[in-house]
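You will see two complexes here that share chain A, one where it goes with chain B and one where it goes with chain C.
The block that comes next holds the complex of A and B.
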């Protein structure tokens, strides 16, 4: 599903303008004006590459899922680090590494990127390669080599979020 | 104790936690057996380590906080991509997995793909 050009353009300009506000961190009207003009110009050059859905990205459901996703994800990053700490510090080093294959139902590239990044930053897994719907995952402690079970265990939770946020 | 002092102490604590995880990551790179396991420790520890340090600095100097958050988000988005590129390049360059690894589904996939492309 792709949106119209106007919607794409407005979305790109809004995101660029928000970035400008964060980076300058001032509220003088000259700065704001310069930011508005520049984001309008840059958006005109790059909107077709920047987004597929345009203003559709601001739908309440997507934003809500995104806001819920942030703490879920950060908690998993912390768990991943504790996991690494445990494996590194214990004298016996409880690792059983291997590369497994998992499948995903996600279609759009940006959703797959989000899934791959989430998998890399969560406990014990690292995305090695993606080819269409097949992901190759280096797993530090392989619990199952079955594609279905591994898909559910490694990516299942994130896939549900990505589906709503990006697809 | 006013609000800014409290923020400063929270910031110091976050910087300390970040440094601790960076140290654990370095230890992991030292102890783990092959490049893929080392990348695992490296990616996760550097991401949270840098995250803690940057947000900590942002809390110690609240006027920097928006920029600090932006930098942290960029690190969060790009760090996994670099580790993916490193792991993939190592594998294709022929660096072996640790000899006690239990399964390798990527090797057969690459050979299969090569055969398909050879036939064309």
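The block that comes next holds the complex of A and C.
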């Protein structure tokens, strides 16, 4: 279920314009005008690949989940940071690194990318590759090699949000 | 052996001579940045050109002619790369095998490509206000296209469109210079109002020239990348 071209184009232009606002950090009319023109031009070059859903990404449910996801994700990153810091500083060096395979139910590429990047940004876990519905994760302390358990432990929480935000 | 030793000794003598001459002439540790011509640039640059980025004021306004030469050098270099690599494709069946990029890279490039283009445009549009300018922005744009090549083994640009774009913006640069010649009597002289420094529409002809340079550099570097990628026909 992909959106129409107009919807994709408008969505891309809006996202690019928001990026422009962040870059210039001003609402001066000349900057706004330049941002509108450039977003419209650049969006024309990349809109067909930029998004699958187009304006559907702005549905209130997706936005709400996205806004909730930011603190949830940051909290997870902080916890994982402390965990890795402990493993680094502890004299016993309690690490057991290895690569595990996890499964995901996500179907769309963008959702998979979101999941993979969330896992990578969390210290201690790193997505090496994605093959269809299998993700290969380097884990600093392999607690389990069971695919189901590892999937739940590493990506389970992220996946539930990704499903709503991107699918 | 003797020749080499003589050469080395000569180099050593030259080095010592130049080093000590300079060391004696240059007042070490003194503040030399505000002497001679740099004095003028620093204290009059903003009033003269209206650009809050002094580097850009020098590169595009005071020494705009030099920059026109640099753009030409880049153009010749791009043409040279094209000429050397043209028809140098490997014989059939001996093409290097390309590995398909992983899903992460492929999907990431879909999302980042327009953002990188916009960032490159942001850099060259703000050349007269913030660090960066046409050359840097153009390089960012070429990087966006490089990302496309990395993520999709079959991707390749439409050379005609890129050459056309490049020619149009190159002519824009020259036209701005000729306009200056006609309106003020000097080639590449600023004929537009300076505006108030710090605003987007200020610094006269600098933004126009930097947008042209940005697009031109982006197109040229992308062309070089395309030539080097051994695109399979």
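General observations
We adopt the following convention: the second predicted complex is superposed on the first by the 166 of 167 C-alpha atoms of A that agree within 3 Å, B and C clash if a C-alpha of one lies under 4 Å from a C-alpha of the other, contacts with A are read in each partner's own complex, and residues count from 1 in each chain.
Here is the rule we use: a residue touches a chain if its C-beta (ideal position, glycine included) is under 8 Å from a C-beta of that chain, and two chains touch if they have at least 3 such contacts.
Keep in mind it's a predicted model, so treat the numbers as computed, not measured.
Superposition model on chain A: chain B and chain C are shown accommodated side by side without a clash. In the overlay built on the shared chain, the residue A:138 is in contact with chain B alone; chain C does not reach it. Look at A:116: by the touch rule set out above, it reaches both chain B and chain C. In the superposition on chain A, A:23 contacts both chain B and chain C. By the touch criterion stated above, A:65 is placed in contact with neither chain B nor chain C.
When the two structures are aligned on the shared chain, A:97 is found in touch with chain B, with no touch to chain C.
After overlaying the two complexes on the shared chain, residue contacts for A:31 are found with chain C alone; chain B is out of touch. Contacts of A:78 after superposition: chain B is touched, whereas chain C is not reached. Between chain B and chain C, more residues of chain A are touched by B. Judged by the touch definition given at the top, the superposed model places A:127 against both chain B and chain C.
After the chain A superposition, the centres of chain B and chain C are separated by 70° when viewed from the C-alpha centre of chain A, nearest 10. In the composite built from the two structures, the nearest CA pair linking chain B and chain C is 7 Å apart.
Overlap of the chain B and chain C interfaces on chain A comprises residues 19, 23, 116-117, 127, 129, 131.
Residues of chain A touching chain B in their complex: 19, 22-23, 25, 77-78, 80-81, 84-85, 87-89, 93, 95-101, 116-117, 120-121, 124-129, 131, 134, 136, 138, 140, 142, 145. Of all residues in chain C, those touching chain A in their complex are 102-104, 106-108, 110-111, 113-115, 117-119, 121-122, 125-126, 199-201. By the touch criterion given at the top, residues 21, 24-25, 27-28, 31-34, 36-37, 39-41, 43-45, 47-48, 51, 63, 66-67, 69-70, 76-77, 79-81, 83-84, 87-88, 91, 97-98, 100-107, 109, 113 of chain B touch chain A in their complex. Of all residues in chain A, only 12, 16, 19-20, 23-24, 28, 30-31, 34, 38-39, 42-43, 45-47, 49-50, 109-110, 112-113, 116-117, 127, 129-131 touch chain C in the complex they form.
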